[in-house]
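Common to both upcoming complexes is chain A, partnered first by chain B, then by chain C.
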Partner chain A sequence: MIKNTKEIKGKDFDVTRSADEVRNLSFKNHICIGCGICESTCPVGAIDLGDVATNARAKVDVYFSGHDKIAQNINEPVDLQKVNVNEDKCVLCGMCSGLCPVDALVLTIDGVPIAEIDEYPSYNVYTIIDDDKCLLCQKCQNACPREAITIKRQLPNRVDLVTGEIEVNEEECINCGVCSELCPAEAIVVDPTTGQESIVIDKDKCVYCLVCKKVCPVNAIKAVCRSCSYGEYDLDPELAKVKGSAIIEDALCVRCGWCEGVCPADAVEVKKPFEGTLVVDQDKCGTCGACVDLCPCNALAFPISEGPGSRMEHVIASEEYCIKCGACANICPNEAITVTRTAIDNTPINSITWNKAFDALKN
Partner chain B sequence: MELKVNQDNCLGCGVCVIACPVNASISPENAGGNGAKTTEVVMMVENGFIKLFSPDKCEECGTCQMFCPVEAIWLE
Partner chain C sequence: MPKHIASGLKYLAAVRLKDEGKSQQYIADQLDIDRSTVSHYFNGRNLKWNSIDVAKTITELSPADFLAMVKAVFEDADMARKIVLICKENNYDAMIKESCIGCGLCVNLCFMKAIKLDSLHAQIDSICCCGCYICKEECPTNSIKILEIEND
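Presenting the complex of A and B:
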């Protein structure tokens, strides 16, 4: 009979059926967003969302109400076993893999992920950072709720941005160290130890601000800023450029759009898998914070009080950054959240079963 | 009774091919979807979809129907 093997590695696992054709379903817990689409999609009922709901709600005891949570408004990653697959029921059909919005479940056939096989559908999603427009400001890296973006940048040398002359007359210098203490660029090192006094100025660090010259009690420092005196004609603008590139870890990216939203240079383009709406019923919300914790997009947050007596919403929902995955609606103990999916962008497929499964995601 | 398939529903998972006891007796080494080497078996997955090759050999046990996740193969 059918016998699958399951290999568990921490919270990740692989379900494998070895035959001439090797089918392997791989689950990565750190990528999973706990949305539950796989659970509702699996045609044989082999998947369950595990203890995402109960455990996340149990965590609610930790915070009692607003204030603790507000202090840590941005969600703390919920480290739970999010999905379990019963290997005795699983037939390795790949439906969970095809419908998983983040590639946490991936079916490979003979080592090839089904997203790369034409016969299987996948979502039309992407996150692109245009290197030509990118200013390498790292705003997206800081905003990304999944730490999926790394901006690697190489700063220009300070010495290429300013020019000038600086000299210290060591005969006159009394090694008082005042210049060293005031130097904003930490370019001056003074050793005041009796008998071995010294002063060293690092010209690679000096920005010719002339603070040392002005403060020196014995006028031992001679300095001039050439950039100030003669303009910047002898500086090469090429050398002043910040170089680098943006790296997106595709597996972690959930296409929430924070990077696109915060980018000051319009360098980011994000395509989400679903269109729809996210609505929080403020009257039903019990402010437990389970949704705030679980939301992979930081699209749900507690508002911050504007002062005593101000009346606020219980939870604020930002549709702009929501991917309509539905994790919050699943987890909410008060059924206060409604996520509606109105359109799904996936590659075309002939199979009626697959199309029905995609249609079932709409509501 | 007759063994029927609906390729529109099929996910190509190949569970029926493995589960079928007739297949197992004809081609024990080949159980497992696309890779079967002989068309002597009752059914196989071809190009990602289930296809009947020798439905006359079917013993009508219903095992395939039981395992199929999407009603792509059944006895009628």
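Presenting the complex of A and C:
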């Protein structure tokens, strides 16, 4: 019959079935969030979730529990295999690919990903940064738990933001270097070497703050700032703008919403695949930190103690940034976390089996 | 020798088509042989050796073995499909259950190209089905049902 082939590249792999059509299931370990949806969905039991519990352990070095600052066992960075597909069992149906919330598993048919084939479902998700509103502040880039955002920005030239005049009378200058040392813009270079003394002011750097003029012991510097007076009109506001754009690496983005949450300009819009709830049973929680390690959204954290005697919750969860992927609930050894999905936003499909698979995600 | 068996199978196919009332020209076109050869077949100028007997034996094998033999005898897959369709002993009524996941394995396996995927659900064209049951045996969700319909 037709035998599948498997090609392993590090922790990534491809399972391929070649016939009149070529079906290829590719897995990317660095995109996988270890949620386990593929494992529970696979209709032929070909998928096993790897050991995801300790996967992210090395990325945080110190945890805070409710009582004490505990340095947990800090291991060497580990990057374990999160998902395994048995190529002898896999039938390349693509259900894991269709239901994977992050495109870590992607089925292609003759090179076309099923997300681009109308018959197959995909989640209605997006992350959009409105370039017109974006202030290029990089807050989203810093907050993104997946390092999926890059804000590329080009700063204006300093010379286009200020206006003024500055001259130094080199005959009066004693090359003491005081101006150079104080200049906040590092615009003045003084060579005090006997016999080859010099002073050079870089007008591209000078902001006309007049510190040099005020400090010069021999009044050798003449400078005036015109920015505050009529000089404003000499400046072109267009040239003062920060230019750039936001780049989202869609494959890495998990639609957690941190970027939207921290954006001061309301420039970001994130649409998540699932609606639902995340509940932590504080009595059952053993503060092992597996969930905190694994959460792809940085939605779980140990609270920071407010001081001696204060009672804290064991683990705090931020519903706002949770995508209800269920990775934490899967991994929790004490069954302290319950993730419930109440609504799934996916493109419509006709297949009864596939619809059942989506319904099964609502528990 | 395979060529003789192929000729024997074509002879049987020609006779079947003739019984269906097809013209000699049509039969010649379908089987990719000269019209005069068709004429020879029907005038009793038969093939060498016991090709027809061997061909008959082949058609009486189980559908899966019949298909395997025809595939082995004919280099041209399209001709093999044609011969199987014309010479198969039975007709089949095939259906796919709701449990189909649309993996397309049956589509890839079906030599007769009788199966297509539509909206992540396999559809079998019963007319093209040769009853080999390969799809049914390999289906990971046991979603294929094939009923044999006696020809006579």
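Going forward, the second predicted complex is superposed on the first by the 335 of 363 C-alpha atoms of A that agree within 3 Å, B and C clash if a C-alpha of one lies under 4 Å from a C-alpha of the other, contacts with A are read in each partner's own complex, and residues count from 1 in each chain.
Quick note on the criterion: contacts are C-beta pairs under 8 Å (C-beta built on N, C-alpha and C of every residue); 3 or more make two chains touch, one makes a residue touch a chain.
Just so it is clear, the model here is predicted, and its values are computed rather than measured.
Per the definitions stated earlier, placing chain B and chain C onto a shared chain A by superposition produces a clash between them. In the superposition on chain A, A:Thr353 makes contact with both chain B and chain C.
When the shared chain is aligned, no partner comes close enough to touch A:Asp130: not chain B, not chain C.
Of the two partner chains, neither chain B nor chain C is touched by A:Glu181. Once both structures are placed on chain A, chain A residues 1-2, 17, 19-21, 23, 43-44, 91-95, 109, 119, 350-354 are touched by chain B and, in the other complex, by chain C. Within the complex, the chain A residues that touch chain B are 1-2, 17-21, 23, 42-44, 91-95, 109, 117, 119, 350-354. Looking at the complex, you find that chain A touches chain C at residues 1-2, 17, 19-21, 23, 43-44, 91-95, 109, 119-120, 349-354.
Remark: chain B residues 8-15, 18-19, 30-37, 47-48, 67, 69-70, 72 touch chain A in the complex. Across the complex, chain A is touched by residues 98-105, 107-109, 117, 119-121, 134, 138, 140-141 of chain C.
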